[in-house]
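Take a look at this one; I'll ask things after.
Order of writing sets the labels: A, B, C, D, E and F. Residues in every chain begin at 1.
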């Protein structure tokens, strides 16, 4: 199986949640292709800074422009060993795209590793792949996980949860655990 | 029945979507109480400006601070003739609040008028009141409406949809139609 | 007389002060045409968020882009039953436009209803229509009202003042009273 | 006569229009005291960046915090050889302050040099000192100059106008001419 | 040797350049302590978004608040196997701190791995550890590298350079190569 | 000798540090030409607001767009009597430009007056003109001054330092002293 991973990006993806897995997984040695429907390699997606600054929910500021390194309409899900779904405000609208849904479903049907974080669970719910599975998600997305017949894992904000090949986490503070569990599911071994 | 209406607010509610119905309905002659869990009369919620500026989904900027005119823990749903649920990013987290869910369910159980717009549908879905009903919502929330066994009304961005006592619309361009249908459901008659 | 109303917009009009009357009056059943000199139907004006955040005067942030629904150079003042002048920073420069001044004067000469709020009084003062009239305005505009020989109405920030067909108010907290008085002057009757 | 100059500051004064004269005049050798009603030496006023970025009027962004170097309630107008009134959004509300108006009037009654720029003319109009005088101002303030029975000087955006001891200019591009004319009126001689 | 790494943070560190190595190295299995002089564990540093948006140099926007997980005055350099120096605007002022300089020098004297990126080279130059070494840096910092008698490595923006135990790179696009070379120098082995 | 002065500008120059000397020196009577490599007369540089708002180093916000009044590739250093180097983030990248370095060196070789403030010292260090000279600079630039074999003058934040024809200062609060010393070195005499 290939060492290529696919990352589903969109405008206003959370800035950390796209760049940290994109770069960390490359540092491990994987090839990671970041794509967005309707955009080509070299184009950018706008990112959002989601942070907690004293309000009842996260604030949003404008982040970096993230440059895609592959073209959505030229990739084939079959060529990838695993899928990464960052959070932020991108999953909300990406779930309306039939090809995006088909890509998500491919990885579950093929029993390949999938890592989703934060609002990434919105894509899993819309793809109807959560039935019978336990996953974490941004806590405010719990109702969506449950409407989609998934079991919501109540874990710490910096923890991750692995159910079979599905690795999920509540938000970017969980990146270290989430990435470590994902590379483990992908079969990597690290000795320090 | 009283002419009092209840409005459910939260941080990062969309700026237009809270202020236009709040003030327009008062201009008609209704009393409108805007409340937020955990906040008192006179405190404010932060608002968000959601607009389309060329990206694949809406942008967000910081809006006005909206001053609440009633205290969440002092109101009783029974005292209100109708409920207003604005959109933005507030419904996402308000749906985790059991009292908010109970308030939403009260209005449906009592068959009282409810007006929800944009992401307000997230609260309806979480309250499990959509089964057997047709509603509009922000288009990207359609999967949530359908996961909650509601029927999604495909209507123009400036149109509203009335199903019984439930009046819904896709986003703030629909305010005129949405408010007009809501006051009609509330029994108002206007002659110009 | 027609039920059409005309709204004078410009860049950096206050965001609430243009959208709330624009949409609320449509919810009542009026047709409202929002126009700006030099701009066509479908183009936008930039809006400003004016709020109080602890300084000695209002702060300004960037608001929504407001889409005009009519073209300034294609409308005729004679076709409208009433005029709406929002505040913000637009009236300051709109008062330099001779056609804008002529439009304002038309409504007074024809004794048709005019609603002005906040800095909208700057347009009334420049059009020299305040002599012998009492009006409200943003408090810091009082000197302009008085230089134009108008009488300044000292009223609460959420109150409005009707003098004949002229309905004025200090700022957006007064929208409910201001709109209610304006539709009353326009001849509307509402029964809840 | 003293070489001390007084500068009237307020929140959202234009950033350039307060700092350039404040520092340039000190570079010439004058002592300049910047004061704001209700604030003490060492406190700051918020400043605004007014610029032209493609809209029909100036845009506003947040500028530096400007530190006052004297306390409004401890200065006496009699102690100063000249007065400086910057523009921006401060003059609009400062004109409501009776002491500010009295200070402005003192300099005219004593026939001492006064330099006003941009919206500074709003203070001159409110102080009723423009009758029989010719002044420049931000072009959109022309109606206020004329309502106050002043003559508006139509000059280039980077030019200044001296009428007796009054030196005025349209906006910050005129600082060099405006400051040069002001120090000339103050009696300074410079040889390069 | 311990698997603990030390990261030197400060206000306006670049947002990606602190979070990506901090989390990626934890995903590998290292413990990473992020500290800032004058701040305690749990306090935050402000971060900056440095991006290229069409100007001759990078733009800056406000990023996340990054929470420190250790207290500067309670750590000992001797306890760490390696040092990480992110870029942004923090190194510029951190280089004035004698303890920071001593920490940097400790790692070089002990011949322990050091990873510096972008403006991190400013700290290396100020610590006078570059003589006889070749390093990369943000290109605009080349004169500082050379004034400090280092050799500047001209490499691609997404490449990294290893000279003995020192691993450097021009900016955040190089994170994958930079982190991979750093963990290699630290002795890690990864099999995918 | 001509009364023309040259000012070296670049994107994200500090807003005050370019406009105050540019306009103040013109108010004295000098001609000042502001140029930027790669840009023509009439084009603009972006400016940065550097201020202290409670963090360990300065914050940055977006300032005015500053319009250049001469074209870099059409000026000759020989035609100018003095050189002005503002601070901010422009000197960092301008020091990579060989022509900029040559211009700086010309003024020192010709023993003509040079005024540099804040990060302007980065250009002096890169031009290797500080050996044997004492200068002020933004305090965080002290290591660069010393790496370039200059002596760093420890002076108050609002003071300036003259060493021969070189006039330097730590940051914009020092503008009055810095400009006064510079015009003195240029030979000006002012009588108030």
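The rule is simple: contacts are C-beta pairs under 8 Å (C-beta built on N, C-alpha and C of every residue); 3 or more make two chains touch, one makes a residue touch a chain.
This one's a predicted model, so the numbers in the text were calculated from it and none came from an experiment.
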Item to check | Chain hops separating chain F from chain A, counting only touching neighbours | outcome: 2
Next on the checklist: Quick check on chain A against chain B: do more than half of the interface residue numbers occur in both copies, making it same, or fewer, making it different?
Outcome noted: same
Checklist entry - Does A-E or C-D have more contacting C-beta pairs? => result A-E
Item to check | Farthest chain relative to chain A (centres taken as mean CA coordinates) | outcome: D
Next on the checklist: Going by average Cα coordinates, which chain is farthest removed from chain C?
Outcome noted: E
Next on the checklist: Centroid from C-alpha atoms only, then distance chain D to chain F, rounded to Å. What do you get?
Outcome noted: 27
Item to check | Centroid distance [mean C-alpha coordinates] between chain F and chain E, Å | outcome: 30
Checklist entry - Which chain C residues touch at least two other chains? => result none
Item to check | Chain contact topology (line, ring, star, complete or other) | outcome: ring
Checklist entry - From chain D, heading first to chain F, what order do the chains fall in as you go round? => result D, F, E, A, B, C
Checklist entry - Tell me, which parts of chain B touch chain C in their complex? => result 3, 15-16, 19-20, 23-24, 26-30, 49, 51, 53, 61-65, 172, 175-177, 179-180, 183, 186-192
Next on the checklist: Which residues of chain E touch chain F once you look at their complex with the stated criterion?
Outcome noted: 10-12, 36, 38, 45-46, 48, 55-57, 59-60, 89-90, 92-93, 95-96, 122, 125-126, 139-144, 147-148
